[in-house]
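All remarks here apply to the structure that follows.
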Amino acid sequence: MRTLRAFFNDALREATQGSTAYHLWMAILTGLMCCGAWAYSIQLRDGMVVTGLHDHVSWGFYISNFTFLVGVAAAAVILVMPSYVLKDHDFHSAVLIGEAMAVAALIMAIAFVVVDVGGPARLWHLMPIVGVMNFPRSMLAWDILVLNGYLALNIGVPFYLLYSHWQGKEPDKRLYVPVVLLSIAWAVSLHLVTAFLYAGLPARPFWNSSLLGPRFLATAFTAGPALMIVVLTLIRRFGDYPVAKETIEKLSVVVTVAAQICAVMTISELFVEFYRNTHHGMSARYLFFGIGEKRALVPWIWSSIALTFTATGLLSLHRLRAKKPVLYLACAMLFVGILIEKGIGTIIPGFIPEPWGKIHEYSPTWVELVVALGIWSMGAFVFTVLAKVAIPIELGQLREREEETEADCLEGVSK
Amino acid sequence: MRALVLAAILLLAACGGDHKPHTTLLATLQQSGHVEGPPALQVDPRTPHLTKYPCAKCHDKPLPVLKQTKPAAHWEIKLLHAPGVITECKTCHSETPTESLHLLNGKEISFDSSHELCAQCHSKQAADWRGGAHGKRMSGWAADRRVLNCTGCHNSHQPRLSPRWPALSRMQAEETP
Amino acid sequence: MTESPFKILTDKPMDRRTAIGTVGGMLAAGLGVLQTSCSPMASAAEKEKAKLDWEAYFQGHFQAMTPAEKEATIQRLERSYELNTGNRIDVSAQGARENVLYGYAFNVSKCRGYMDCVKACIQENNQDRASGMAYIRIHELEKGSMNFEEASDDFFHQVPAAGHFYMGTQCFHCQNPPCVDVCPVKATWMEPDGIVVVDYNWCIGCRYCMAACPYDARRFNWADPLVPAEEVNPNQHYLGNRLRKKGVVEKCTFCVQRSRDGKNPACVEACPTGARVFGNLLDPNSEIRWILANKKVFRLKEDLGTEPKFWYYMD
């Protein structure tokens, strides 16, 4: 127990100390989080009328972000799997960073759901025992279970690994490998369940497609590792954490294959939606070409298509992919392209046209944008703290001190 | 691994068990009994609503005499009901006032039963009205069925309804979410 | 509906937007109760109000309540309204009648687009006036097609317009309702008499049901609903037209406060053309059953397997 406290003291000290740039970065994030909290307080006071949502498009920017972030969180598995299961140690250094990213993404995803509900104070109705959960009928109930379970797994495993390393012990494989295996299955089901949340609604033909789940997985396995490549490069540049060249190379292969699969899925989806121009294809028609004067999403989806297809083309050529600037550019393009596609091109057109065919457009208000910015800052904050603590432990710089006293700990905190 | 598969099977079974039995709504309705005929009905009397009733209020003399003293009576009535060719006043009204209407076969019929008169031509509407597919029910769904008769809604002299403005506009509501 | 207990902490007049229903509100309510019960300045009424709000917040799921708890909940609603406005309301929790399954039929030939039903519905059900909420939509369709995409639901001209016909949509009270399946907290369910209802106190406002409904039957309170005090319909039902708060979903309940009383829903009563028929589907002697047996009827989006209890027919 005492060791545990010392661990947290060490972690806290590590997280609160750093260079000026680190403090500045954290200060900016804190400021943005405060802006988000302020915008959210306006939404709480006046109701969700301050968002751009209405009875016809009843989910928008928040739920879009939620969907995208669940994908990012699920993609952490791509880093976990080869490292633990295939015993491929090239990925090892990236795993903890990946899991930190998953934790940050999950916290953001949960936050986006919380800000989207009309009665956040009544969320206790979801809790076991005191509340009522519509399980197994409601896919949202499934999603809540899967999200929280995945969060627990992604906190649990890295915590055990870091705690062991901090103590200078080798973690017990028999303890954590089964949990890792479980979390791999969990990650796939997490994103599938989130896709089923939408795909299970015949009321929305745009989502009611069996390709939605696989497509969610494919985009997640593109955007997640793409973000990882960028983040790992940044960490290598600004920290002294060694990230093997092979790790980046293997990740780039994962990104490339996933992006190619995404492209095939996009094409087959477009074919079905447009070949016969049925009423079920109205949402796609609105998304890609607009209907009459209503064409708010058209520029977005085409920029997403342009970004993802160009990036996929670049990555598919080995010579180009080998060039670092091209790789980073392509990864950034894929991430942004998929963020737009998930954020704007998936959730919102599901509601347009509404069930009786009317086109009511939606665009987020500043409140939604500022709240979202606050949540993203929170995610970046959480990720930074986790990475800040994890890296020195992994490097062996942060270890349990033999003769640590209570006073030392307190002193450390106050420093 | 085996345990995982078992757990998955159990979970699926639980999902399956939660489904409602697949009986259709129509089957449920059939179980409650078959429709025999039109539901019983009471017709709201019309006579309390008639402004020029009883006829004897004015019709105290034979018609030719009245025409000399009160030539302008019923001037406002313009017959626009299968006009001219098929109907005229005498199709439904008697020349000698008896506080009633008459059917084509001459049988006298109360103003409260005017629907029987209408049904002579409008047999399909009459059948729908008896069954409940046409007309206005005045009692709640649970109480004995009480309906308006034809003239409760239709002006028998000009049965065609004229256009009107809607009770409210949804146009502004469109703009504000 | 609820006056914030937070109000007494400040001298500034605060509107009821600060009412409970927020994370901060949770704390504020707790503080408020504490403050109110400790402060000698707070009036007895303020104290009672804060207590009622507190109890309402922790109220359980309606279906799990005992009859006594239901009664207490009803009394709390009535008392709370009286404390806040000085007016009285009569809230009922009357249950479903035995052997009753409500159904609805709509005569496409008879509807003339008068919208009397829409107006009556808004008034009967205490719907938000500020946002122009309406459960019923009347679609003006061009003869020759039943394509709703081409129809208009915001017409305002003399009706019926030449070359057009009219169809009303609202909640169809599906026998296999997708909205009920998706609710994560079972805040919406189908009553034994077939009415799909919402417990406004239990709804968390996630709006999954709105996404799941293929008929656009559900409405959300994006802001605090506004019903002028003199226009409030005081005859209310817990599962029906009682006053709502912001952040919850609501919908047509076949006017549960009327139908369980043996009356017809307000839209049926208001329709001057008799295009709307309501009754007990389990009674072979009802009008609705006669229509199903004798007219050619259809339902909308029947292919989705929702089994609407709402049929259309023509003369």
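When the chains are written out, they are named A, B and C in that same order, and each has its own residue count from 1.
In the analysis below, a contact is a pair of C-beta atoms (placed from the backbone, for glycine too) under 8 Å apart; a residue touches a chain by one contact, two chains touch by 3 or more.
In this text the structure is predicted, and so the values were computed from the model without any measurement.
Participant: Determine, using the mean of C-alpha atoms as each chain's centre, which chain is farthest from chain A.
Facilitator: Most distant chain from chain A: B.
Participant: Taking every chain's C-alpha mean, which one sits closest to the mean of all protein C-alpha atoms?
Facilitator: Nearest to the common C-alpha centre lies chain C.
Participant: So the centre of each chain is just the mean of its C-alpha atoms; given that, what is the distance between chain A and chain C in Å?
Facilitator: 37
Participant: Which whole number of Å gives the spacing of the CA centres of chain B and chain C?
Facilitator: Whole-Å distance between the two chain centres: 29.
Participant: Find the geometric centre of each of chain A and chain B from their Cα atoms only, then give the gap between the two centres in Å, rounded to an integer.
Facilitator: The separation of the two C-alpha centroids amounts to 61 Å.
Participant: Among the residues of chain A, which are close enough to touch at least two other chains?
Facilitator: Residues 49, 53-55, 137.
Participant: Can you pull out the residues of chain B that are in contact with at least two other chains?
Facilitator: 177
Participant: Going through chain C residue by residue, note those that touch at least 2 other chains and give them in order.
Facilitator: Residues 131, 133, 153, 222 of chain C touch two or more partner chains.
Participant: Name, in rising order, each residue of chain C that touches chain A in their complex.
Facilitator: Those in contact with chain A are residues 17-18, 20-26, 57, 61, 64, 131, 133, 137, 139, 147-151, 153, 169, 178, 181-187, 201-208, 210-216, 218-224, 245-249, 304-305.
Participant: Using the touch rule from the top, collect the residues of chain B that touch chain C in their complex.
Facilitator: 20, 24-25, 28-29, 32-36, 38-40, 124-125, 128, 131-137, 140-143, 145, 153, 161, 163-174, 176-177
Participant: Contact residues on chain A for chain C in the complex?
Facilitator: Against chain C, the touching part of chain A is residues 41, 44-49, 51, 53-56, 58-59, 113, 116-123, 125-126, 131-134, 137-141, 144, 197-198, 200-204, 279, 282, 350-351, 353-358.
Participant: Looking at the complex, which residues from chain C come into contact with chain B?
Facilitator: So the residues of chain C touching chain B come out as 97, 99, 101, 105, 107, 110, 112-116, 118-119, 131-134, 153-160, 175-176, 222, 258-259, 261-264, 268, 271-274, 277-295, 307, 309, 313, 315.
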